[in-house]
Every structure is written in C-alpha cells, then in structure tokens.
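Got a structure for you, written out below as structure tokens; questions coming shortly.
Going in written order, the chains are labelled A, B, C and D, and every chain counts its residues from 1.
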Amino acid sequence: MPDLSITLGKLKLKNPVLTASGTFGYGEEFADFIDLGRLGGIVVKAVTGKNRDGNAYPRMAEVPGGMLNSVGLQNKGVDYFVKEIYPRIKDFTTNVIVNVSGSTLEEYVEVAEKINELAAIPAIELNISCPNVKQGGMAFGNVPSSAREVTNAVRKVYKKDLIVKLSPNVTSIVEIAKAVVDGGADILSLINTILGMAIDVEKQRPVLSTVTGGLSGPAIKPVALRMVWQVHKGVKVPVIGIGGIMNATDAIEFMLAGASAIQVGTANFIDPGVSVKIVNGIEAYLRFHKINSVNELVGALKTD
Amino acid sequence: MSARKFIQDFTVLKNIRLNPRHFVMELLAPVKLPALFPGQFVELYVEDSPRTFLRRPFSIHSVNTATNTFQLLIQIKGEGTKKLSSKSIGEKVNVIYPLGNSFTLPDTSDVLLIGGGCGVAPLLFLAMQLNTNGINPRILVGGKSKKDLLELDEYRKYGEVLITTEDGSEGEKGLVTDHSIFSKEQPGFKMIYCCGPDPMMKKVAEIAGKYKAGCEVSLENTMACGFGVCLCCVTQTLQGNQRVCVEGPVFNAKHLGWQKT
Amino acid sequence: MPDLSITLGKLKLKNPVLTASGTFGYGEEFADFIDLGRLGGIVVKAVTGKNRDGNAYPRMAEVPGGMLNSVGLQNKGVDYFVKEIYPRIKDFTTNVIVNVSGSTLEEYVEVAEKINELAAIPAIELNISCPNVKQGGMAFGNVPSSAREVTNAVRKVYKKDLIVKLSPNVTSIVEIAKAVVDGGADILSLINTILGMAIDVEKQRPVLSTVTGGLSGPAIKPVALRMVWQVHKGVKVPVIGIGGIMNATDAIEFMLAGASAIQVGTANFIDPGVSVKIVNGIEAYLRFHKINSVNELVGALKTD
Amino acid sequence: MSARKFIQDFTVLKNIRLNPRHFVMELLAPVKLPALFPGQFVELYVEDSPRTFLRRPFSIHSVNTATNTFQLLIQIKGEGTKKLSSKSIGEKVNVIYPLGNSFTLPDTSDVLLIGGGCGVAPLLFLAMQLNTNGINPRILVGGKSKKDLLELDEYRKYGEVLITTEDGSEGEKGLVTDHSIFSKEQPGFKMIYCCGPDPMMKKVAEIAGKYKAGCEVSLENTMACGFGVCLCCVTQTLQGNQRVCVEGPVFNAKHLGWQKT
C-alpha cells in the first residue's frame, strides 16, 4: 500500500489531491457525491472583506476544451464566512483552506487576519490572480513588486501556512514566484485562469457580460504544466499544480513536473466525484510502478 | 435541506422525434427514483462529443414512477442536443439529478400555465401534479406556427389547452401574451406558472401583476455545474444575485430583477 | 454578392483568409486539395539567415483541443529560399508573405533585406515570437524595447508592408503592440503559439525533445481572441487574428473582435481544404446577414 | 513529382478483430483508387472522439484493385484506434492518401522481410507486390508470444514464413534478430525490408551491414499533418533532418542517423 501523504510547509495532507477555489463551493455541495474525508484538502470559494455581488450574467461561456467564467468573487464577505459558514465546515475531516481575495492591500490583510483566528483553517490561499475584478486580483499578481508587497503585508498578520496563488497572465511566472517567496509565501499554487474571450457571432456580442473572462479546463493544462515546471525549478518552496486536471494521469504529470500537490477545478462540474477518482488513480499508478511514496513523484521528470 | 443528489447511468428507453428540431427522450433509472418535483431539472453528460465540454441541463418533462422513468423534451440547438437526439434505445446516459427547486403548489384552483416554445417542457409534469391535487389548470401554449406546437394531446389530458401562433395557423394569432383571455376583466386565474423566453416571461409577470395573480417563472441561464458551486448561473433578485440552479430555476416573478439579456 | 476584399496597409487581399506560417509549407503541398488562388494570401514557413536543422524529435505532442510543437524554425536559409523556392511560388495567384525569423537583430535585417528584393512578395511577417528557439524569437518579442528595436532595424531596410507577429507569452500584449508600431510596423499579426508542455507519465519524460513547445489549436482561441480585441482597441494599425481558427464562425469572431484578416494554422493539418471552406463560410455569413462588405465586420463587436 | 493526394470519405466494408488489441479494417474508396505502393500510408480522421485532435496515420496493409478497397492492420493503442475499432460496416471514414514514399523494388530475388509486432502491417502489401514481380520473399515475423502473431496464413500465400517468439510458444525462441538464419554464414538474402520498433530496426540494419545486404526500414514518428507541411515528423539522416511523412516513411537504413527515442 503506497504512502500518499505529503507535507507542504507545516501542512500535512493525507494525499496530494485538493479541490480548487470557486469550483467546489464550501465542500458541502459535494457530500452527496463523495466522502470529503478522502481528499487531501479543499480550498473554498474566495472570501473578501465585504459582501460582493459579483458580475452580471452571463458569467460563463463554453469553449473548446474548457470554459470561460467571470463570476467576479461573489461572496458574502469575511464576517459572514466566519459566523455562518465556518461553523458548518470546520469539522470536515480534511484540510479546509480559505481563498483570500480583495481589492486593496488593506482588504487582503483584514480578511487574512480574521481567518487567522479560525482554529480549523490550517492555511490560506492568497488570490492575487483573479482576472475577473476591476481592482485588485490580477492587478496585484502581475507585477513582481506589488505581488511581493501584498504577500508581505499578509505574512505579517497570518501565522499559519501562507499559499499564494499565481496568475498565468505574465511574461515571467518565475519572476513573480520569486517576488512572492521573497514576500514570505510558504507555498505557491498555480495557475489561476488565463484571460480569454468568446463572441456570439449571431448576436455580434461578447458571450460574457464582462467581455473577457478566465479560461479553465484541459485547454490550459499544457500552459499550467509548463509554469509549474518553471516555478519548481526556479524557487525553493513547494508548489501546488492547478489547471485542467481531469484525471489521475493529468495529476501525475503535474507532480512529475514538480508539484507537491494538485488542485482539481473545472473537472468537478462535469464529474462531482472526480477528485476521489484521482486519489484512487494516483494510488493505482504508484502501485503499478512499485513506487512506495507519492513524494518520489515530485519533480521526478527525467529530462536528460 | 435540499434533497440528496445522485450521479447515475440511465438507460434510453425511448427517443421519439416530434419534429425536425424536437424530441422526447425517456430514461430508465438504475435504481428506484427518489421523489421528483415539477420544475426540477437534470444535467446530462454528452458522450463522444468533441465540441461539448460541460453537461447539458434539461427540465424534467414528466415522471412515471410505475416504470421508474422520466422524460425530457429537448429542442435541438447545437452539438450537445444533436448528439443526444441520436442516442439509441438501450444506450446509457449519465445523469446528475434532481437539481434545483420546484414550482410551489397553488392555494387556488384557478391556475394558468403558460409555455412558449420549448418552455412547455416542465409544464407537463406540473400539470400532472396539479391534477393529482385536484386542479385542472388551463394551459396556454404559443409557437411561431402550428408545427411548433408540441404534444397538445398530452396536455389536454390535464386541462384545457389554449393556443396562440404568430402566423395564426392554429389558435389565436399573436404571442401568448396577446391571447384574448388577457383582455377580459375577469380572466379566471389567480396563479400563473410560466416558462419560455425571458421577454415573454417578463410580459407575463406584468400581466399577472395587473390581475393581482401570483406568478412563478422558470428561468434558464448558462450553467457550468448545475448544483450550486460555480456561481455561473446567477440572476438578479431582490436578495441580490441568486443561483438559478439552486435558488431557482423557479422564481416568484415579483422577486426578480429581470436583467437585460 | 458580398465584397470579401480587404486592404491592410498597402496590401490588397481578395478576402481576409490567410494561412499561418509553419502550417502551410510553401503552399505547394496544398495544391492537390485547394485552389490557392481562392485565398487572401499565404504566409510561408519561417526563413532565417542560415540553414537550420531545427530541434531533435519528438517535435509534436497532441494535447486536449490542440497540439504542442517544437519544430524550431527548420529551413534551408534565405539564400536557398530566394534561389530555389521563390521561383516555384512567385506566380501563385495569391499574396505570398514570407515569415522572417532570426537569432540576432542582424539576422532579421539580413533576411528582410534579401526578401525586399523579391518582386512577388508584397510583405513580410517578422516573427519575434517563436517559442522554440533558444536565442532570438520570443526573446525579442517579450520585451517592448527589444521588440521596438528589431522592428525599427528591419523597417529601415524593408520597404513594403511590414507585419510584426506578436507573442502571447507576455503580461501586456498592448504594450508590446505599441512598441512595435512605434518601431514602424504597418500591420500586426497575433498570436503565435503559447508556451506549453506535455509529459508522458509512463516514461516519466517530457513528450517533446525540447521539454516545452508552442501550443496551438482551438485550446488557445479564447486567449487569442482576447488579445486581438485588446490590441485592436490599443493601436491604430490593422490586426491579423491567429489562433485556433477551425471554421468560418471562429474567423468571424476574430473579425468582430477587431481583426482585419485572419490566419488559419493548425486546422490545415486536420483538413487541408479548410482555408477555402472558411472563405466560403464568411461569404455565406455576410449574405445571410445582408452585410455588403467584410470590412463592416472588423471590430463590429457590440459591447454596450 | 509526388503523386496526387486525395481527401475522401471511404466506407467501412469489414472490421475484423484479430485479437483483443488488433483489427483489420477494409475501406472502400468512393472513386477509383489511384496507384498505391507498398510502404505508403494514409491519415484517418477519427470522428466523435473528444480526446483526439489530429488525424491518425496507418500503413496500407493490402490493396485490392478489383474491389477498389484497401486494408489497414491496426493495433489499439489509445483513444483514436479504440474509436476506429468500433466502427460499423457502412460507416464513413475520412482519409487523406496516398502519403509517403514506398519501398524500392529489389534487384535481387533473395529477399527477406522482417516485421515485429504491428510492424508487419506494410509487409503484406510489399510481399504481394514482390510476388507480382516474381519474387517469393522469406518473411520473418516476431512477437512476444504465439497469440501476437497475426495473419500468418495470409503471409504464407506470398512466401515462406519464419517465426520467433520471446516466450518460445511458436517458432524459435527470442527476438527476430536472434533467429538462426542470422548465425549462418550464407543466410541467403541480399535485401532486407523491415518494419517494427526502432531498436529492432537498428539491430536489423546492423545485421544487413554484416552480410552486405541492402536494407530498407519503415519508420514511425509523431505526425501532425502527414503531408509534409508541419515538419513535426523529422528523423536524422545523412542529409540532415528529413520528414518521415514525405522523404519516408521508408528509408535506406544506411542513410539514417538513428536518434535515441
């Protein structure tokens, strides 16, 4: 029986399979389909300082091998999260990680500070890469200096594991990764969605109310994999791979490229049971290849 | 609070083409069907379809607990519905269900159902349930032309059917909202259930307001998940953006913001 | 009969459909499948100063909704092109555009200067965006100052229409576009491939000999469309849209987003007759929508 | 110089499963087939296959000009070949053909064909053509085990068949390159045609060199287009990188660089 457990920073995961923010609600919605306790962890929907109504509809466009979304961080704000949602999810037998978003540096800090008080949340994922909000989000994540700054400000108030989620919409992902590690990130997760667009030629209009939106799904997997590999080689902290993972083979590709763990996003919409299937598939792969521990996969890509 | 959801392989029992653009598919559940309610929908996975990625949502058209089946009434729009239309008897279809809320039962027996185009789909199931509750609704259906009116005989089993067509080829000429019952002072309905294109539903909601009748509408929206986690399907309501797939698809028309589409 | 003709700079095209460099050989290979004269133009394979053997194999990986390639500008050099290939293709009854590549600024200038002498070549496309070579290519295209510089150097020796082909692997495509226009570009084409990667989990090796390669096909269409729209709004010169165009609907999306013409790339591999089908499809669309000239589509997207 | 290429819809006439991983598909041309030569290949489009994007290349296994058909021998590897394996009689398959060069005719009648695994595919067509030219080749085929040896009776029509299996379940035990004819001083062949895994072909080329026999091998490579425009399929040769789909798939073994794979 191969060992699937993995440690990222101080974070201990029973296996490397997490679910991606914005694609898994607060986990509760999946309880009909899977045993949440089988997962390495879940990253819940973005939490911001205040209530946000998100963008107007339509918010979704299907595209070849994926989809565009422009949800825009809809959520009821951190106080609501702490009071109403946290009590419902704190006893999940898996790691519950909160995706922290904001429009200003102060907002990120405020949210992180409040989540820091929640005993059952072992880590936050700082979302400096949302392409669907006018202020904040990707604007922070696309410039090394501001990425470092916001990470550093949050680092000062957040004492547990600080994951920073990177945007792929940049010339050099390694440069941003280094800045963020410099700012105090314990772990990096990548990638968030790639900025894209779709048009309805009959209406001669954009499909999304916001014109552009974030591309996710298998279409982005090759780009995500390349970035994970670059960042794994470029920085010393552990990396969580995200982007178009639909099955265990995809997950293993990311781990070979250097990811210590992975997140399953859009795939949850098509098969809400997919995350546990990926856990099982990784185990089967290890067994078939007689590999004792999933740790041996991390960055094991042979490039000679 | 919400009923348990399932992901199961159903078997195609019937696949009947009503006209070039519409078909009814009957699906057999692999285990006993849970309680299903009019207004709820299902998400089908479309196999072997390079140009579809996500599941496709369809309202439950009717349920037969005796045969453990439900039916869907589907309009062929693009790749996904086209692929589904060519499914053979005996083939499997993967289904997530039951999804969404349902129509509320009326506290009156003066009920009018209004369906435009493929919007009639959930109304058959609703009409059946109303009958079970001793209510014979009137059912107003509209289409561009006579050949767009589907399954009229089915509906007639459950209530009086009123018809409008845009070209006048059957029933009254015009849109459903032009029907002569809406020019009466006492049109004889206290509750409207409506499903169809947004502009039609908006107009119907206005009419309901005018007559001080209740009005529930079943909305569509672009859905990625169908079970509440992606927040892609929201509609503006008095309580802010709400998910059509969870808080809907059925909304009290008075609570809606009716965004432009 | 709607008017399909379009003018880009001084370049007159009988219709807006071109074929993309590296996916159409020198056009000759398609003569069995289509009448080349039906096309607005063809962009031939990259030409460099000297003979290049390109990268080792495997050079191709299939991925969801697309492919990765790492051909690496294999060609026999500009002198061979001028002597052996040009005579064979100069009488094509369509615009033949040469894709000019290099490792150094001097190489770009040398090639452009030699192509400038060829009477039957009305334009060059400066490829500052190839992700598959160690030097030059994308290295020029990802930094505004060097993009401007190489454009400017070529502008001095090249007298006909100068198209510059942009790389999508950047934080701000508009910034690069502006720099290149500043450097003297008459027309912009975008996008080249996005840098990606694929892994064979059984061999635990990259699929490509070069580890990373360029992603093309429908997977990149939403990103390409977004960039074309951004560049169309950001600069004044005409834009040629490229990326995942498989059919007339895709092509029309690009034109609505602001492309004055489009290039068909990877789709040629799957259906070598697709380019002419796209010409016919655009014509059918115009007819159906009672639009007199394809010019009316350019940037006609309604976003109110 | 190269023959005209076509893109046409062929009709599946036969689809015969030889064993769990191999099948023979017979395809009927829509118009009269042009001249085809052993070693040439075709590119098939795989419909309804979300996980394949590009066409799939296959060698021509045999041609029947009387029925205007050709056959392919296909090993099920992944999604594309699996989808093709389930094609029904009468379905269409879109084909680009003929592609690539072909084996050259020998100037000797002492000919040995060597095929490993699915590499036998083009050798049947070659054996037929040699017969037409009055040559009865010896045909050496190898497999892991008896059950991997395909269509031996077909090959026996055109020449003597020699066999090796890795587990010794049929013929001599070992790899094709271990066969006892290669320990003879006068093995009786002046020309070898070979198709199979790269390491096998490399070894065969060495053997040919030892015996001063000619040797042509048919290579595979990852192909995007199959007709010479993408430059994805190159192999190292004495003339630099050459396209397997145009300058190949058949190469004189002496001209190859034999890259590592």
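List of remarks:
To be clear about the criterion, contacts are C-beta pairs under 8 Å (C-beta built on N, C-alpha and C of every residue); 3 or more make two chains touch, one makes a residue touch a chain.
If you're wondering where the values come from, they're calculated on a predicted model, not measured in any experiment.
Listing every chain that touches subunit B and subunit C alike gives A, D.
Subunit A and subunit B have Cα centroids separated by 36 Å.
Here the CA centre of subunit B is 56 Å from the CA centre of subunit D.
As a whole-number value, the distance joining the C-alpha centres of subunit A and subunit C reads 34 Å. Listed for subunit C are residues 63-66, each touching two or more other chains.
Counting only residues that touch two or more partner chains, subunit B has none. Chain contact topology: the protein chains form a single closed ring, every chain touching exactly two others. The chain pairs satisfying the stated touch condition come to A-B, A-C, B-D, C-D. By the touch criterion stated above, subunit C contacts subunit D in their complex at residues 22-25, 29-30, 32-33, 45, 53-54, 56-67, 69, 71, 74, 217, 266, 268-273.
By the touch rule above, subunit A contacts subunit C in their complex via residues 63-66, 68, 142-143, 169-171, 194-199, 201, 203-206, 211-212, 215, 218-223, 225-226, 229, 244, 249, 252-253, 256-257, 285, 300-303.
Touching subunit C in their complex are the following residues of subunit D: 4-7, 45, 51-55, 96, 221-236, 240-241, 259. Within the complex formed with subunit B, the residues of subunit D that make contact are 48-50.
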